[in-house]
Amino acid sequence: MPEPAIVLGANQYGKAEVRLVRIDRDGSRHSIIDLDVTSQLRGDFTAAHTEGDNTRIVATDTQKNTVFAFARDGVGAPEEFLLRLGRHFTAEFEWVTGGRWEAEQHTWNRIPVDGAGHDHSFVRGGTETRTAVVTFAGSEATVISGLRDLAVLKSAGSEFHGFVRDRYTTLAETDDRILATSVTARWRYGGLDLDFDRIFAEVRRLLLEAFAQTHSLALQQTLFEMGSRVLEGREEVEEIRFSMPNLHHFAVDLTPFGLDNPNEVFYAADRPYGLIEAAVVRDGARRDHPAWSGIAGFC
Amino acid sequence: MPEPAIVLGANQYGKAEVRLVRIDRDGSRHSIIDLDVTSQLRGDFTAAHTEGDNTRIVATDTQKNTVFAFARDGVGAPEEFLLRLGRHFTAEFEWVTGGRWEAEQHTWNRIPVDGAGHDHSFVRGGTETRTAVVTFAGSEATVISGLRDLAVLKSAGSEFHGFVRDRYTTLAETDDRILATSVTARWRYGGLDLDFDRIFAEVRRLLLEAFAQTHSLALQQTLFEMGSRVLEGREEVEEIRFSMPNLHHFAVDLTPFGLDNPNEVFYAADRPYGLIEAAVVRDGARRDHPAWSGIAGFC
Amino acid sequence: MPEPAIVLGANQYGKAEVRLVRIDRDGSRHSIIDLDVTSQLRGDFTAAHTEGDNTRIVATDTQKNTVFAFARDGVGAPEEFLLRLGRHFTAEFEWVTGGRWEAEQHTWNRIPVDGAGHDHSFVRGGTETRTAVVTFAGSEATVISGLRDLAVLKSAGSEFHGFVRDRYTTLAETDDRILATSVTARWRYGGLDLDFDRIFAEVRRLLLEAFAQTHSLALQQTLFEMGSRVLEGREEVEEIRFSMPNLHHFAVDLTPFGLDNPNEVFYAADRPYGLIEAAVVRDGARRDHPAWSGIAGFC
Amino acid sequence: MPEPAIVLGANQYGKAEVRLVRIDRDGSRHSIIDLDVTSQLRGDFTAAHTEGDNTRIVATDTQKNTVFAFARDGVGAPEEFLLRLGRHFTAEFEWVTGGRWEAEQHTWNRIPVDGAGHDHSFVRGGTETRTAVVTFAGSEATVISGLRDLAVLKSAGSEFHGFVRDRYTTLAETDDRILATSVTARWRYGGLDLDFDRIFAEVRRLLLEAFAQTHSLALQQTLFEMGSRVLEGREEVEEIRFSMPNLHHFAVDLTPFGLDNPNEVFYAADRPYGLIEAAVVRDGARRDHPAWSGIAGFC
């Protein structure tokens, strides 16, 4: 009996991390959009894999050129720009039946001079990065927006007790600990015709407020509250997924030095760290949307 | 009509990047195993999310302790160590219905002294990292082994032509280019009772040989050949997935300086880069195994 | 004739990157100081090197403990905290004749909730890091403050022309380019009894304003203007040194696609990058102060 | 009385991290040299700083072009390539009175196929990077070679005791610990007409052997022995400087789990870490050579 044949499975290809900076000029008043754009095509590229036949290969260099050329007409919200790219590639080449377009946006703020923001001088802002992923399956598009590396910390209002104690448990219970995390969140929209910039700002605000206001008995509880606030506040969002490390801050034992430590002196550990990941969804919404495929760190 | 309720979706939690170093002592001849271990539990943790009720929470600190305690009995292949951890947690706590255990292994070679490897002195080896992911769904375990950051380059035997030319295409065709990539590969085994260390070494050898020996008309072709060799050579492997950047090396135009450049002087670009991702599978094998969920960069 | 002997040269040792987080509690209103502290002792440690005799070694673990213990009494400006550490070690151990204490400070802002900053919840701020280096030579201390990774960009008001043209020159002249850099600046104070937090905020403001307001014919010119503003504005500063990469943003040639590009679409390159380094000093001030030794990237 | 004037201090500028890959073809047998090259000019560039007058500016783009053009004639040892660059710039432009040229070299090994190294396929080797810095002061050149990130570990033959005990000391003495470090070493040659590749390989071997063979009572002792071996073995080397972190591996306390730990299970900590820095020099050799200026982490 012959061996089963070896065949090509799922595949995609494209150009990653195209560093696009777009200056919009409204007279002497400039604005800036700074994106890392990744374009990946899906479809029937079997011949390239099995025979090195590139007849159907839209070169990754061409995908890069297309990103720059499309930026000539303006960029707008990253989600909108990715939707334009996706429509182009799926419409232009019949064997391109879908794809994945991704952007990371870096923030620039105006430099304050004499009490006002400068016309054309900017300083990089924030530590977090805004993210957007648009997938096309045929002509159907799905948008997942998000942010990563939003570092937050609260020095009160966090407890952790009542957990399982087994042979390997040594952790003490506490009713006063530092809670710190670096939020990665991604949320899937139900539609496409949205004011993505405004909703992003709103979601970011809701996430920060929920983190600040939740009296936390577990990082899981804080996560769920953050997700719930977003779903309550923005009906456009179908589900939101989080990957949140628990960045441990350990109170230092100062008693060997004859000192107490009323939760004031902490050692911030690098590794290991707790890692809490969960989705918060509307009841009845789809929970296994294929647009999540390939996004790291989301269950 | 009331709003649909907001509920918890898929979730997992645990301790990430436990930096475990295990010294095995066979008399004065030592050996070293160096792992980053991540443990994540899945099951019913709803109350922790919705009420901050930690009754079912096995603390991430406890998971870390368990990693260290289990290492007392030896570690062995990372896959075997992760299987031991998974069996423990799913057997010990009835509401833990599964989980994900991951390891990255760093290589140490003996320092050569007087023509022989030293007994207890080591130098970090290689640039790539060996990876292992074990998932449990109930008592059923799946092993995905791999490696990442295996940087390879060939200075001959690579062409790229015959691709689509559209309005945005400027790339010249070439029959002689540098082909360079940094291989991330992960392969799923059909079974569990395997000599993981030996198979890993074999797969690594097959990948390198295939890269070297394939006359490449496209990085996709090289990828498919690498995957085919592994599936042909190791029947234990059901499928293998690759994420391979095309690390561009551009021949520098020296004509402005009155010089030719017979493919000898190259500029190695950082970004953007091509990105080629594909699975190579046995015909009939499962293509959508849930063990792949959450692994970055695999379609 | 015998070989000249081999001897110990300059040396220092200590603990690096102690991750200290200090919470100050004024009732329910908290504030946070987040530092990476490095402590290095200088003196006569010859016996440890040549004989493994640790009689004079203040263990690096002890140096770490001292950092945490001293934080019990409050931290204040990083420069003040480092001065306290330096005085302690040089006073306590007669063979410790000096040393180097360094800190990097991470910024946290209050999370805005209902229009006001939250009492005990913070979000990481800014992309740049504040730095401080204190050196002791005997009982004499020198303070060098600074910042790194302050990314700024201007989309107008930058030209570059009139440079040397030789056989290897291909760069076109331009009277309109993006100027972008990531400022690392360090400045040496003439004294010690200073309001370091207030001066830091002032220097940062002066640097940003000078970058924004200077019509730039060369990044060197911008650098010199930034330094001059600081020396003019803060008499406490004796000299200031800069390491400023020229982060190239190349206007993309869109003509192959039938498009013009009126300086709106740019490609941000990673490497190579220009690198401009210079000191700006008061005439007559010391130019070779040994406190600069070992600081990377400053000539 | 007028304020003292503000003037330009020391300065240099150039192009950093030119990613040069040179393929040498000896028939079908290729070899590869992979360098990051940085070129920085010193001299009188005052007008560029104070007036934006670029008359004397050799553009950083031109410096980059020169790197690529010079590679057309072959590269050889990185030190030799940097010397060629330095001679060119200091000879060509009278106001260029010196400079600093730096390279980092990445290692590639032949992929083994059928028991032999492949003709034109390579795999990235080693974890460490070879470094070279050439400075010109006028026509006088100085070469400092080195390596960084050479990670080594020994699991026996390391003790640490007899250190100072003060109020802040809690560390226990030990006669059996893991000793691990990541060596950065740089050595200054007395001459220029040297077989740099061969000496580099020899120095690397001597460093590894000394680390392995030294029974260590302190990392300082290991460092000094490593330096002594190099100076004893290679008369071309005048002095060698080290920056060596003490990468702590803590034996995990398993007694809470009813287990002993005979130095077999360790936790590898990230931060803080010890940091040991020292020079080892020939008696009578110059100890304050200006070529060391601006190299990070060397006292």
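Each chain carries a letter (A, B, C and D) given by its place in the written order, and its residues are counted from 1.
Simple rule for what comes next: contacts are C-beta pairs under 8 Å (C-beta built on N, C-alpha and C of every residue); 3 or more make two chains touch, one makes a residue touch a chain.
In this text, all values refer to a predicted model and were calculated from it rather than measured experimentally.
With chains reduced to the mean position of their C-alpha atoms, the one farthest from subunit A is D. Copies subunit A and subunit B of the same chain sequence form an interface built mainly from equivalent positions, shared numbers / all numbers used being over half. Taking each chain's centre as the average of its CA atoms, subunit A and subunit D sit 37 Å apart. If you average the CA atoms of subunit C and of subunit D, the two centres end up 22 Å from each other.
If each chain is reduced to the centroid of its CA atoms, subunit B and subunit D end up 30 Å from each other. Residues of subunit D in contact with at least two other chains: 18-19, 65, 69, 168, 170, 256-257, 270-271. On the side of subunit A, the complex with subunit D involves touching residues 167-168, 170, 256-258, 270-271.
Subunit D meets subunit B in the complex at residues 18-25, 28, 30, 32, 34, 65, 68-69, 71-72, 108, 111-113, 118-127, 150-157, 178, 208-209, 211-213, 249, 252, 254, 256-257, 259, 261, 263-270. Within the complex, the subunit B residues that touch subunit A are 3-19, 36, 38, 40, 42, 45, 48-62, 64-66, 69, 92-93, 100, 160-164, 166, 168-171, 216-218, 220-221, 223-224, 227-228, 231-232, 239, 241, 245-246, 271-285, 287, 293-299.
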